[in-house]
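One chain, chain A, links the two complexes that follow: it is found with chain B in the first and with chain C in the second.
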Partner chain A sequence: MNDLVLIRQNLRRQKLRSALMAVSILIAFAIFGVLVGFERSMNAREQAAAADRLVVVNKINFTQPLPIAHYSRVRAIEGVRQATHLSWFGGYYQEPKNTLIVTAVEPETYLEVYANDYDLRPDARAAFVRERTAALVGETMAEKWGWKAGDRIPVSSDIYVQKNGSRAWDVTIAGIVRGRTPHIGTNFMVLHYAYFDETRLFGKDTIGWIALNTVSPSVNDRLAKTIDRMFANSANETATDSEKAFNRAFGAQLGNISLVVVLIIGAAFATILMIVGNTMVMAVRERTREIGVLKTLGFSRVRILRLILGESLMLALLGGLPGLGLAALTAVSLRMSSSSLFSALVLTPDIALTAVVLMFAFGLVTGLAPALSAFRLKIVTSLGRS
Partner chain B sequence: MASLVLQIFAVTMINLRSIPQRLLLSISTVFAVALVVLVLLGFLAMANGFQRTLTGSGSDDIAIALRGGSRSELNSVVVRNQVNLLAEAPGIARDATGRPLISAELYLVIDAVKRRDQVKANVPLRGISREGAALRKGISLIEGRMFNPGANEIVVGQDVIGEFEGFELNQSITLGTGRWTVVGVFSANGSVFGSELWADAAAVQSLFNRNNVFQTVRAQLESPAALAAFKAYVEADPRLKLEVQSEAAYFADQASRVSDLIRRLGWPLAIAMAFGALAGALNTMYSSVAARACEIATLRAIGFGGIPAFVGTLCESMLLAAVGGAIGAAATFVAFDGLTVSTLGGSFTQVVFSFQLSSTLIVRGVLLALLIGFIGGMFPAWRAARMGIVEGLRG
Partner chain C sequence: MPDNTLVRLIDVCKRFNKGSETITIFDRLELSIPAGDFVAVMGPSGSGKTTLLNLLGGIDRADSGEIHIGGIRVDALSESALTRWRGAHVGFIFQFYNLMPMLTAAQNIELPLLTRPGKDRRRHVETALKVVELADRKKHYPREMSGGQQQRVAIARAIVSNPDLLLCDEPTGDLDRATADEILSVLRLLNRDLGKTIVMVTHDAAAARHARRTLHLDKGRFIERDLAA
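On to the complex of A and B.
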């Protein structure tokens, strides 16, 4: 008889019990998939950071503006390959609760600096640069609101007001931006700084921060010091950091999300490990006599070991794989929800792969104790026990 | 009737005494339920602590005016002549000399380094008028003195010192070209103001080149009821494109955004984990019934009814769950209650708050545990009650 058939029959022996164990495994892996995906999405900014990119912000805090004159001075420094400036717009769509991540940028230099991060069709690129009221929208944001190239939409600001008293800026979507790697989030919109700066009531000739690519990551530290020294003791001192360090500090403002995620996943796995592990021990103990019979029939000890480990592995996969499926579905529905917190939540292949590895580990761990005791079982004792 | 009670009691005791035979399985159920309750209460205590810090900050007899459409102090702009117009508004309380009790304030963000992980985070620097401190209840200086008007002096909330480096008394802080000195430390009675730095509004204006520009205006009202008159005055004047609300309402809105989010994360997670624990409880109880099939059948044969078998099993399950719930609640209390953390609040700055477990929350956690125990016991109990005598004795 085929081992697989035996394993399947053993699992079917108590269908309800097997189903319950599979359900608890399913839930643990669903939690794993969603939370790890969430944690990755929160840290994605850090992972997506380019090694040769620096960010220059006001030393007091990055919410304080810099004078636009800083930009031309930074551009001219030796070692700066490309530079652009960005300004936080404080956007929302129709109602303040529909937050949009919108920045005002200088189109040509923006596309130069981020050329390796984002993918954009040449015609969309040309349309964006040409038209003063054009905007680019990231794929995730476009998907969420159902926007496509050519749409004309009002983008409101909860910080700025136009000179005519309006809070909304009308923009035309020139194209949709895609991230070149899965780590790069695309829940954002960029519009022309010139359009924004000329029409806003206050804050003229200030920018939010400067992003620049250096000629090589090895000059990063030296360049950062040069820039900060240049503006030292001026009214607008700067703090220059690598994009990675800047993004890490930004993410850490929310709190230690990774720690919370690890604790919850730990709790979920500890729970099923105890439940499933104990149940497997019990299930095998009930079969002591039968194992004795199998051994009498000539089943080798190794084959018995394999049968029981196979059973726990099968159970882990039967619960874990649908659990991953559930996690993927949950990720999609959360991404489409109104909260921008989940906009970059994806169950990437490497998370799925880690989960599958964990399923195997889990199956082996829960099956190990009962499998070993069955392995060691002597025929005489097993048949004697009732 | 009395005999039924006795029967139930007898069967329940048999059930409970037999727990040691399934010790590991029972412990794993208790453990699973405890972890579910721990996760739920951890999130709820966090949301509760954040909400209490913020709602404890606002009072009903303070009005706060923000530019229309800006949802937080950080995004608001109020100019000098708007402040002057507001000072004339009806409903504002005045001091003995007839000066209106209002405070035009700036709300800016500066960098501070967290003690815990040495990472830069946003801390609010608030420029306030002389009356500013008096417009907040429960503020008391615990070290040093108040700042002098016009001077580059800062007073620091107590929670800031606990969470961030470099704000102790007499420390000097460089902001732009100016050097500022910490001249006092205040306690804010657990309110959000304890996470703030305060300085003279005029000094902050000149530091940030914001002469004649403020962000919010706070006004002491004669009574909470005077808000309506104040509001009507502001709405009637086209020069005042401001939104007026009570400070309590403002902070309640700020609080709900973050704490609702925490709750929306906590409940689904706890419920998902509860399903896992439920599977464990069902498993344990089905094996309990299976292991005692012979006993149950014997009892039935000597005249016990089905109800005692049902109740006995249900009691065992609910007891295990209740123990798990109690352990979970106790563990939350030990691990989290009073734990001070900080996160980004509505105004894009760090709010320092503590996890707060309350009796209402504990009741919720224990109810969830009992629900797991109830459902996890009911189906096995049903099987126990309906078990045929002959099959039971044969097994």
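On to the complex of A and C.
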């Protein structure tokens, strides 16, 4: 027998109580894993933003289009290394609930601007540029729908219709795009702007926004001002900002995700902390006499403290680790669901590590009060209590 | 101090505060117990019997005076040193057994051995179980045993680390006469055959007759009567 056996046996003495506490902790850590994973996925675009990239949007709102003529003028400005334009397609697959993130792009310039972000096989690149109806699909989206290069699929738009009345554009997948770093999301599809613009019923010769790489991040501010000044007082004024700021604004459409996540996790943990902490205090108080007996038998005060902290730590791990497992399963399940909101939801190793650190902190916090109480308890007092 | 004296109390004073009132339990108490003795301590409720055991076992401290046990002045030991000393030199037997309900008999008996490094813990436990004649009950939990059997386990726990001194607080107070006699026979055997020094607090005159002598505590002083047959 050793201290670990004593801790285990103490947890087993009230099996139902221990199980209920473990389930409470499990729920808290499952919530933690899913929500932090969600928050990270929402902020991944911001983290993935290139330092030397600017985004030019309509000053009214980035959902408002810009004339394609703006693109030619922006490209010609000194300090612009590469530029491309993108247009929001508003896609879905088969049914509107199967949302797809689809943008119409100019293939050559798009691949140049984002060359450092994605990996793409040369033959896929060539096929995408060559074929007017070709599309590139990100790895996450391809995995989700089981698509592969060569597949021909209909991509519908909930914004645009074709001149023939159809909402579906048939595209052939030229290749699968992989992100070069974990922060770069690959739940997207890009198709030819020319194909899209030529066939759509309205909005012709307009684009959504312009993305450009500058010659150096140091010229970003000056260049942004130059661009906006160029279109000042025109019918389509622009707002130019870093890609990071643009992505942040894009994510903010859903509200302050980080704050919401912190508030929900905080509420869950505070509640569980009080429940488990209170139960631990009661559980140890019931054992007052036994603690006195252990001290009488020669168990030091520090060892008693260690035993009780060990018990609360073990309980936190017993609930927390399965909770983390449940969060991972939930993340997979949500990722595979039709909602694109969760398409990048992953329980990354750093989230898991943070959760394990939190489990230790949780165990220490919930065990500290009863452990200190047992530490200070006088034998004579404890033996006198029933 | 005679060579064979195991326990010696010199001018021990102990007081308790109850509200604004101070109650004196012992005022300059003197006591000497030779090694190998079996002493029963009797006295009316509140006479300080349990307090005496607590002082001897180092689980309570005297306000003044000296407590020597086995040549060590235990009242001068630090808290941690006292804990180590207690684990090594004193065995406790309580009225209500005080076994850990979630541990088996063998695990309960093993508890004092966890406080010190050493091998052959299992062998020590087996030996203690044999002494109290419970070898066949080692895997039983306290709830699966009678009161007498639980008290035997408590005795095995008290002797497993081979202490010099056994302190028993009403060890038969919760048992019927026949079972009490069995337990007292075990204590007598420990005293007679294994040479353990035993100090037993009891209200029961029949139990006290198993001791070599009985000390009567009254108003913080001892009145000694020799009951040895």
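Assume the second predicted complex is superposed on the first by the 382 of 386 C-alpha atoms of A that agree within 3 Å, B and C clash if a C-alpha of one lies under 4 Å from a C-alpha of the other, contacts with A are read in each partner's own complex, and residues count from 1 in each chain.
Throughout what follows, contacts are C-beta pairs under 8 Å (C-beta built on N, C-alpha and C of every residue); 3 or more make two chains touch, one makes a residue touch a chain.
These numbers were taken from a predicted model, which means no experiment stands behind them.
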**Request:** Could you look at A:R13 and tell me whether it touches chain B, chain C, both or neither (first, second, both, neither)?
**Result:** second
**Asked** Who wins on chain A residues touched, chain B or chain C?
**Response** B
**Message:** In the overlaid three-chain picture, which partner chain does A:E237 touch, first (chain B) or second (chain C), both, or neither?
**Reply:** first
**Message:** Looking at A:I31 after the superposition, I want to know if it touches chain B, chain C, both of them or none. Which is it: first, second, both, neither?
**Reply:** first
**Asked** Does the superposition put A:A124 against chain B (first), chain C (second), both, or neither?
**Response** neither
**Request:** Considering only touches as defined above, state whether A:V281 meets chain B (first), chain C (second), both or neither.
**Result:** first
**Prompt:** Taking the superposition as given, does A:A50 touch the first partner, chain B, the second, chain C, both, or neither?
**Reply:** neither
**Asked** In the superposed arrangement, does A:I159 touch chain B (first), chain C (second), both or neither?
**Response** first
**Message:** Taking the stated contact definition, name every residue in chain A that is touched by chain B in one complex and by chain C in the other, in rising order.
**Reply:** none
**Complete:** Listed in rising order, the residues of chain C that touch chain A in the complex are 54, 57, 59-60, 79-80, 83-84, 86-88, 92, 94, 98, 100-103, 107, 110-112, 114-116, 121, 157, 161
**Message:** Can you tell me which positions in chain A touch chain C when the two form their complex?
**Reply:** 1-3, 5-6, 9-10, 12-13, 289-290, 293-301, 303, 379-380, 383
**Message:** Give the list of chain B residues in touch with chain A in this complex.
**Reply:** 24-25, 27-29, 31-32, 35-36, 38-39, 69-71, 74-75, 77, 108-111, 114, 117, 119-122, 175-177, 208-209, 261, 269, 272-273, 275-277, 279-280, 282-283, 286-287, 341-344, 348, 350
**Asked** In the complex of these two chains, what residues of chain A are touching chain B?
**Response** 16-17, 20-21, 23-24, 27-28, 30-31, 59-61, 63-64, 90, 96, 156, 158-159, 167, 202, 233-237, 239, 248-249, 252-256, 264, 267-268, 270-272, 274-275, 277-279, 281-282, 339, 341
